[in-house]
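Let me begin by presenting the structure, written as structure tokens, before commenting on it.
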């Protein structure tokens, strides 16, 4: 009855997340002859080919690593980064607040290292598209490699350009900003969005939030909301269950809004 | 050049979210002759037909409502509910942690009022599928209506059944549980998941988390993590910017894990 | 050996906190003939005289109340209030940050209903003193009654006056502000404080904090820090241990500083 | 009119907190000839004698340090420590919940490095007393030096002993525990407390909390509450105001209770 056929077999060229513990993971490409050197010994990466995803492999020192199939969050955490990247907790909230999903056309700026871009592209597949703007050409190159690694480059249009000067696309479902001066983009976002479309901005400082909210009110957006999201990891072990001592206390504020329109407009 | 064509026009039968402020919104169906009675006057719902999404309409008392195109989060907040429903902040995190996205096959239990089901269905479109189990027939009926309203019923298979006794589907990408005794489902989830597939459980109490984590460790899952997510709304107004006084201090803990497999298994 | 002598006996005129559960407590004065009417029946308050603090008494409906000896936090929670009062969690932090303790001389403004005043007075006993300013005479009267009830009026000097126009006292150990425009008091606080003395301001909005911090920097304070403190109640019960669903998400920001001095000044 | 007389002059033997910024402070003793070597140059500590608290002094590299008069929180942060010490945020809450103040008699265990002991001693002065138990003699020695440095040793009775085996003192106002097995002390605490007296336990894990709450309920305590307190530092600077990125996400849970008594007992 062919149960073997059900297994997810690692093929040449597949990415594998070697998982030691939640702080130590390694993203590798399964190719003959390749090895990974770690503090816990050498792992035979080439030898992963033909094994199943999820299998444990032992390093030369006998330490066990799990060969997981990477999720988008794994790709993102392993991206080459030249900029502060967005945290998964914030991406989830961004998706739910804006409504980004399959088929959506989304404008994003700035691309940065492509972390948020990758998540958005993953969610709009297969028919949607992310138009991602970045003013720095070097970052676009980094992002391109990262998006290719993450397998979502086909769903992204990387654009060298400054959204404070304008947005080419019209009738997009959402405009999502992770940049220093979002308030300078609010009017362009309004022009670019479809009726009732979603605006979202991610900003580390409250000063940015205040300027952005002010611009949103002036421009004709409604349902303007600002949130912050705090994530705590809980250590769950018999007799010593407790939240982790150190946590990320702040990444950024998330401001969402929807485009109101004026009759005869 | 036909800019009119770009507008999102409200048609008969369309759902509209009438937005007064962030605490007062109304989900209505645009049908001739229908009106909405509110404390702020009567709104001519039938008259919305032919207007653009995002337009402001005035009630009989001259109060302005915005006619927004509902997002999935709007549908969910307006669902008929017989059970505590999941919060959007948790849904976002659940999606990112599990990797649920277009094309995924997901088992979910229990269906409850269908809130989490609706979000998951929205994300797996158009080729994925959510198999949602519920032991109470009356809830399945509520969920069915809710999912139909939210426009995602086609992507869901509602199943009357108890996942503590087994899961029919094999090779699913994720098993997501929002039920009282998730630890009783861990072995069935393992059997149901594809290699390296995602397990996730949402539980209000730490006692549930401890039992679930224990079962996950025993059953052969890896990358077992528990989180809680706190969302704070920030009031942004000149001279009185501050977090909101009352907040939801706790909804539930989120435990995620991935299926490890054993060679020769 | 007279163990009876050890007991804390309720005397005529003593305040008693009748404790039903953490949401339902009643502060009463033990006097002959007095009764308390509650939804859980009538409690014979007069009958408390001669009994021990900590004893359970039954209402006419057979419901048990504990006759606790009030702590300062109990008095504060039961104060007649005309203003938003400070939360215990914030008072604790204020005390630790400023160093307020026995013997300190503290300037406070505004008095409001006297909640913070009462805590400060409690801590500076027996030799310290709180100089509490308030511009509204009606509030001073409320505060006076509240402080008398809490048993700390002797340690407080209630002053009708506006600290934005000046502070009479010199060489005080701390200036503590809970008022709308703390930045207008920063220079007067500087003049009033002893060398290296403690400044503290409690403000609900970030806009107030920014103005206050700016004034502190300009005026010659050092070690300027701003904090917020979040308190969560945890429900601890077998099988359903979890943080409480609703929490106070924000009360105010706490800004502390210390007076730097300039040689020859 | 003798304003000079008002100044707080640094005398030989005084402790001084040299403040560079909120992460870099140095607790020194002003004695002739003493110097402090820092990465920002050498500070002439001996030269502080005769200057005013709060004055700025320059290091050999021209970097400015403020010579602050230490608060109890400064002493505590600079204590020699062999154990995890309690955070100021938690101390404030402990004081408010228990009611510890001038004149109180408090039993504390374990002493550890003496951080909590020092705060409690500071608050019960001049007539109260802290009875602090510790099973490790080496820690008692560390604590003794720390308490002497902090100037509160006279208000503390350090006791080599195990409170799980009993508490010598009777009729104390509060029993405060920061130790691994607080539940084993609950009955002894009950015996030691005066009627309606305050129990408090600080524990890092939820497992400890559950056992302690269970013991409290069994033993006859009432008003049993558990809290956690989260402190966030806010960076306040024009154009970049925001919470600090990293925060302490968890120190411990605080469980408070009050002694109920039974008539005829």
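As written, the chains take the letters A, B, C and D, and residue 1 is the first residue of each chain.
Quick note on the criterion: contacts are C-beta pairs under 8 Å (C-beta built on N, C-alpha and C of every residue); 3 or more make two chains touch, one makes a residue touch a chain.
Quick caveat: nothing in here was measured; it's all calculated off a predicted structure.
Listed here as common contacts of chain A and chain B: no chain.
Here the chain-to-chain distance from chain B to chain D, counted in touching steps, is 2. If each chain is reduced to the centroid of its CA atoms, chain B and chain C end up 43 Å from each other.
The distance from the centre of chain A to the centre of chain C, with each centre set as the mean of the Cα atoms, comes to 46 Å.
Our note on geometry: chain C versus chain D, Cα centroid distance of 20 Å, whole angstroms.
Looking at chain D, one finds that residues 206, 228, 232-233, 238, 241, 243 touch two or more other chains. Interfaces, counted as pairs of touching chains, are A-B, A-D, B-C, C-D. Chain B contributes residues 6-8, 19, 22, 51-56, 66-69, 71-73, 88-89, 91-99, 101-103, 119, 122-123, 125-126, 170-171, 194-198, 206, 209-210, 213-214, 222-236, 238, 241, 243, 253, 255, 258-263 to its touches with chain A in the complex. Within the complex formed with chain C, the chain B residues making contact are 204-207, 228, 232-233, 238-251.
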